[in-house]
Amino acid sequence: MSAVAATVAGSDATTRVRPGSGVLRAVLGNKKALAGAIMLLIFLVAAIAPGLFTSIRHPDTHKFAQLLPPGSGHILGTNAFGQDIWAQLVYGTRQSLFVAVVAGALASILSIIVGVSAAYLGGLGDDLLSLLTDVFLVIPAFPLIIVIAAYAGGGSMLVVIGVLVVTGWSYGARQLRAQAMSLRNRDFLESARVRGERRSYVIVFEILPTMVSLIAANFLGAALYALLTAAGLQFIGLGNSSTDSWGTMLHWAQSNEALQTGQQWWVIAPGLCIALLGASFALLNYAFDEISNPALRPVRRRKVRK
Amino acid sequence: MRFILRRLGFFVITLWVALTVNFFVPRLMPGNPAEAMMARFRGRINPDALKALEVAFGLNTQKPLFVQYLDYLGNTLTGHFGISLTFFPQPVSTVLAQALPWTLGLVGITTVLAFVLGTGIGLIGGWRRNGIVDSVLPPVFVITSALPYFWVGLVLIMVLSLGTNGALPNDGGYDPTLNPGFNAVFIWDVVKHAILPALSILIISIGGWILTMRNNVVTTLAEDYIRMARAKGIPNHRIMINYAGRNAILPNLSGFAMSLGFVVSGSILVEFTFNYPGVGYMLLSAVNNQDYPLMQALFVLITVAVLVAVLISDFLTAWLDPRVRTAG
Amino acid sequence: SGGGSGNSTGSNGSSSTSLTIANVAGTTWTCGFNPFNPSVSGLSIGFVYEPLVYVNPLQNSKETPMIAKSSQWSSDKKTLTFTIRDGIKWSDGKPLTADDVAYTFNLLKANKGLDLNALWSSGLTSVTASGDTVTMKFSAPSTTYYYYIADQTPIIPKHIWDTGAAAKDPVQYTDAKPIGSGPYTVSDCKPQNVRYQANANFWQKGKPAIKTINYPAYTDNSPANLDLAEGKAQWGGQYIPNIDRYYVNRDKADNHYWFPPVANVQIFLNLKQGPTANLAVRQALAYAINKDQVSKTAVGGQLPSSNQAGIVLPTFKDWYDQAAADKYGYKQDPAKVKQYLAKAGYSTSNPLKLSIISVSGYTDWEAELQEIKTELAPLGIDLTVQNIAGQTYDTKLYKGDFQLAYGSQTGGPVPYFELRQNLYSGNTAPIGQNASTNYSRYSNPKTDALFKAYPAADDQKQHDIVNQLQQVMLSDIPTIPVLESVSWFQYNTKDISGWPTAQNPYALPAPYAVPDNEQVLLQLKPKS
Amino acid sequence: MNESVESPELVEGLGTGFSPEPKDGPLLTVTDLSVEYDTPSGPVTAVDHVDLDVGAGEFVGIVGESGCGKSTLLFAIAQLLTSPARISSGEVIFRGQNMVTMNEAELAPVRWRNMSVVMQSAMNALNPVKKIEAQYADAMKAHGVRSRSEIRERSQAVLELVGIDRAHLNSYPHQLSGGMRQRAMIAMALLFTPELVIMDEPTSALDVVAQRSLMLQIKELQQQLGFAVIFVTHDMSLVSHFSDRLMVMYAGKEMEFGPTRKVFDNPAHPYSQGLLDAFPSIRGERVPLQGIPGSPPSLSAMPVGCRFEPRCPLRFDACATVPPELYDVDGVQARCLLHDPAYRDHAPVEVAK
Amino acid sequence: MSDPAPLLEARELTRVFRVGGLRSRKQLHAVDGANFVINPGEIVALVGESGSGKSTIARLLAQVYTPSSGEILFEGTPLSSLRSRRDVLAYRAAVPMVFQDPFSSLNPAYTVVHGIMRGLKLHRPDIGPADREAEARRVLEAVGLTPASQVVGRYPYELSGGQRQRIGFAQALAYHPKVILADEPVSMLDISIRIGLLNVMTSLRDDQGVSLLYITHDIASARYAADRMMVMYAGRIVESGPVEEVLGNPLHPYTQLLVAAVPDPRAELTVTAEMAKGEPPKVIDPGPGCRFADRCPLAREVCRTTTPPLLELKPGIRAACHVAADDLGRGEESTGGAPLGAKLAA
């Protein structure tokens, strides 16, 4: 188990930035994170108000001539079914983002519950929860998801989110536990108890706020995992192929030989969107990494006298 | 010794959990193995013949669940996974033996390569902090490691296979009309077929190694013992490898095993994209063919493979890091 | 990419005697060739094993004698006699006799697991050989079984199958080195490829003209498609999206396709429960779907649209009752939909909500259902598509646990087969129990009587019966045929000629259609 | 360079071979040394124009409060600063060579063989994943000692010198107690009997008893082997008995530098005086003491005049504006305007003496 | 004891920790059978080497740890009988603790006054929410963090170790405590400001009658501030008594060693012998006998077999040493430690 613990080395460095404004400032002050935040923002807008980006309301059912090239009134052309690829892309944002965010959030919550209670309980409870975490960490998730999705009949978004959460929480739990463990030896928690605070207060108001940046980093990691895994599932046809999402688009593109029949955009665009959204998570995460490990912060370059 | 026992214990428990999940997932879902059989031959077989088949293959057992569970554990441990429905009537184990070498070859070599390359680049990047390597690579690889495996595969196919008029093949493990054997033609063909899938895995997984290694090195460089090594007059390149590299790699080493799970996941998609005849691809065809015995056996196989890798890297870490041994 | 070496010497036409088949199997080969194992029978029947008689579904069941040089029904249609051709040798040189034929059928009797067409449980009572004849006795008139007996049962050599592993358990027998009477033998088998060699002992002298066949195992459509498009494989049997752009355009002179329809892809409507138990609802649905549009958008027109009578056209055009079909005039008609929905009690405030099950992974079905859903929405029918795993799908389908189900039947050489699969009450079961083919659970004594009369009837009478069955389809709407499933067939004429075409439909052209493939293989010739 | 090929002194000779020869000038001369850290809000000066000299075999103590730049000064002397720190001015002349202008290759032979470093926390300064012996061997191999037996012998000799069983050569750092680790570090510094050993708070992590015993041992070794020591601490009383000369630093500047006894008996700088007054004694009468109110200035907001001015009990107007220089007061250098002839009249009697 | 009702009293206070793995039976005796009292208005110094159990005693008193055995009485009431939240809170208010490590005892997510404000809310209902900030400023200034307004809005990472340590002390002051458990409250303070906080402690005692348990390594500062002193070694209290007596005339060999080791710039270096080598004391599963015996130059056979009890060897002075007890006989002559010290120096 200790070997596993080593993977999160560095995470026990004190969280140096306070929650709220601090995180915001850190993100704004980091170029990479800023780029990530801007990309995420654009996707968010597309998810909330797709109408801003396209005038087509129902990209699945609104049919045009088939196989139109890009331009020609369709930014990315139309596909073999006569659907406008750009419109599908825009409307696909919502579900992809939704799955990523919801599964990411639920997995993070599960991570927090398991990780923090393992650290806080200590003793046998910790041993069991840690074992559970490690087991889930090691069991290859994607094959398991495939097996579950195959049995569960794929399709339903609920099932997909469910399996993503079940398989996606363990990494975060391990990190949060390590962090909480390092907090456990920190006197401010004991100081709070000596002050006379209740247990619940200690957990919610003393422990959690100090882990904000790690929790955020975890959420982003889990969301990225959910995004990619869900897209992978949809791509191989284990998702609900009648919903608008990027993974589904890729699935259709692949099963229609899009690359070979001059519909490259049908493949490139949704993949690029997944990649960009994923990159925006990863870039934001970069900032949180730097927050929780000050050693990683960039230093200014300067000519050094020799 | 205690350490080894502990790790072995973890291995056994994890395996048991995986096996148990594997046993109960199908049983929590509608349908039963006999119906799976039926599904496989839908429309091509009459119900009477089917009943006879069920009997012939012992699919109609009505044993209590617990007994089935024990049977299952026993069979799994002895490598008896039953009969594949897709490759009827071959035993699943034979089918697995066919797919395994491909995955081991492709994913194994690529993962090790990604690890070695990534760690090396990360070491240099972290060592020459703010150097060219360090200022370009991290942002680039932050992005590449967030790419979907299958999509990278598709783009590579488009650019390097279709774009070159098939100079690099984009499907299968080798040209099926060649006769497999240890001859140059065949081996070259296998290598050619492996290039694009390997590249996809490499592109995506190397970034993680570069970044974590770089970060570890940067953190390690702040340690006093590095300064101490410099004070001792040890040449820079030796400090980089013997001190910074060696200490920074430790967390990565256990990460290596951890990440195998992710790489295996990715390789499934890569194998799917390239129709590479490995374990992951077989898993998906098992899914498509509703070949549940095969599916479950593949899952067990992958789990065991990852577990063994974890075990190996644990021992390796313990061997390299004395603190782990005693901390237990 | 991994393709065949079919025309490796293409420029120098005379020596191009090898053929590569591209037909996605979804798996690699197991190198078993047991013709009674449905997973691998496609690799042995037609190549190695032959039927008694070839029955061509595309030419009104036209017969081509193979192992049997003739056959004869008794007048009561209860006894069938085959005369076995002289001078046929197994590929190991031993002669093929009537004994082998009788042995084959009696093996099926002894091993139910081999009797895939349920011959022995549907009336066959005995099979005996004497001299060069084989006599089969039935408990009832059974002309409809002729197809299964003569065409669908491969004949195997007794001297191989009654010894060793085969004798011990013929069901699980691998048959790795199959001995048959067909035009080819297996010369080499790898999981990735089966190679066939012309059978030197084949009874038709000078045939086959193509000496080598490669049959690679394609686990996925795309590589097979690509090999076809690039001419590396010459005989294809699969769905290629955008086939004109993808396939034909690459080599307009030599890349061709022809998709003769064979059966229907249809919507099964649950007649026993839910909204579809109401005829008006079924009628509304029948008028709601624009089948041509489904064909066009979902599959690029590669599958033609079906008719409500359920007669596959043009394959069975002789059986089609145009007048009856015109009377009903099923085609998309919003006014009629509205009218029937109103009759069934649905309106905009109380819209009809239906769900349809389909198999996940069948992307063509998914695409078709997407289109249907799109078409139904503006007509006030809210369709939910559930793509579920095949196993779950089957369970639901068999047990009647669905509202609508998208699916298909296997059909046969005449419309009778598919209609019987759909409508005969003997093929159904109460909700909750397994129905064998009649999933809508249609049951009507009058219809059943028609099916019972059919085997003993003469040709004219049989047409009559099929006309009445079409009436049932049109008026009761137990299922809604949407598209016609076809025999997928792509072929390359650069180096090989003799392919079946719409003008000369001498056999079902798909490489996976057995034993039709034997007919094709016997016709193919290297171009010189 | 030619030092690197010369064979190391025999272990047996450790005790006797070296005699501090006062060559021409002191062993180490630091002049006008300044170190800056680049921070996001601009460079800050952590060591500000410090002068220092160390004679052969001399024990020089440096004291000062936390953060006043002691470690930075040491690392600057040993050329061990890493980004974001850099030397912005001054030179470090060691054995006649200016270390500041030497490159890594030129420094390598000097390091450890002539000048070694003992760091504050042995736990961090020893590589946790290498055995003690391997860490000793690394240092020796870097200086051309190849023979295995010689490496082993030497390692054992130095380890025993500091009173640790030779068996511990095979231990990993975490298997040793804090005191033992610190001793092992000191032993490592003595591998080549260098002329100068730089020690950065080598005892501050230990408790009083262990601290005392280690100090005694260091002093004993120094007298036995004759190397010079620069010893940094924030605990004045710790060096009071051991150092020959003492430098008091405050906020990056040296405030007072002179023979230890003189500084203790007669502090020339109000800050030194304040420090001494802040130490309660365990002997003699219990008298109420007064600390120095306030706290050291932050590096980014240095007072323009005397850096101690805001806290100084003896400050006068000019202190806030005139930066004092080092004045020689009776053999002691002190940076206080009170010793400037121009401001002498401001001096209260007690301080001027 | 002269006082009938000590403020805090420990009786046979013991705390063992299980160390090692899950099934390990090894026990670390951090505190073993400690008996002591803290009276109103006195500062008791607790000194001893690192790991001897000083912090553990403080934590036991603060109820961070529960005793493995033995009992703590607060104003005569056993702590184990405090059940209701009100009683517990009352005890918490009366006996606050200042933690050893200022880097970890402040929550990095909040401004430094968070602890003070929460404490006021919990323990000083008399102060309304509006006045809390003023009160917080008052206690901050009391510990020398002037002007308090500059400190109030800061986060811990913006303060130096010394400043944080004073925040911890201010927090304890805010509750109107009866006893402050101060675990090395000045260890991180620079020498120049350390004495200021010690003066705060003494004036608290003198002006408000607050008692303190002052835990420290720094013997000189203990002498400066404390009235009584307890010396710990390896989990046991080996000597206790009035500060001047214990330091001027140490009875236990360990105390003597400790006193001799304290550097003093004003005094001559007296002891030059190599001292106190050898292994650190064994606190994991210790056997019977004096735990200092292995390092003690005076150890006898009995020291290794019998645990010496903490006996009152002189009025008000207790020591746990067979040798000292023998030397002093049961008589009360004050021959003192001179002969011992001489032997030690030899």
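For reference, chains read A, B, C, D and E in written order, and residue numbers begin at 1 within each chain.
Methods note: a residue touches a chain if its C-beta (ideal position, glycine included) is under 8 Å from a C-beta of that chain, and two chains touch if they have at least 3 such contacts.
This one's a predicted model, so the numbers in the text were calculated from it and none came from an experiment.
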item: From chain D, the most remote chain by mean C-alpha position; value: C
item: Pair of chains whose C-beta contact count is the highest in the structure; value: A-B
item: Whole-Å gap between the CA centroids of chain C and chain D; value: 93
item: Distance from chain C to chain B - Cα centre to Cα centre, in angstrom; value: 40
item: Distance between chain centroids, defined by C-alpha means - chain B, chain D (Å); value: 54
item: Contacts with two or more other chains, residues of chain A listed in rising order; value: 150-153, 237-238, 254, 260, 299
item: In chain E, residues with contacts to at least two other chains; value: none
item: Residues of chain B engaged with two or more neighbouring chains; value: 29, 129, 250, 287-288, 290, 292, 321, 328
item: Footprint of chain E on chain A - complex, ascending; value: 14-16, 18-19, 127, 185-188, 190-197, 206, 209-210, 212
item: Residue numbers on chain D that touch chain E, as the complex places them; value: 65-67, 163, 177-178, 206-213, 215-217, 234-238, 240-241, 264, 271, 274-276, 278-284, 286, 288-293, 295-296, 311
item: Touch list for chain B against partner chain A, complex; value: 6-7, 10, 13-14, 17-18, 21-22, 25-26, 28-29, 129-130, 138-139, 142-143, 145-151, 154-155, 157-158, 162, 215-216, 218-219, 222, 250-251, 254-255, 257-258, 260-262, 264-266, 268-269, 272, 280, 283-284, 287-288, 290, 292, 295-296, 298-299, 302-303, 306-307, 310, 313-314, 317-318, 321, 324, 327-328
item: Interfacial residue positions of chain C with respect to chain B in the complex; value: 1-5, 20, 26-28, 30, 32, 37-40, 111-118, 121, 169, 171-172, 174, 188, 190-193, 214, 216-220, 222-223, 226, 230, 361, 389-395, 398, 408-410, 434, 436
item: Residues of chain E defined as touching chain D within the complex; value: 49-50, 144, 160-163, 190-196, 198-199, 217, 219-221, 223-224, 244, 247, 257-267, 269, 272, 274-277, 279-280
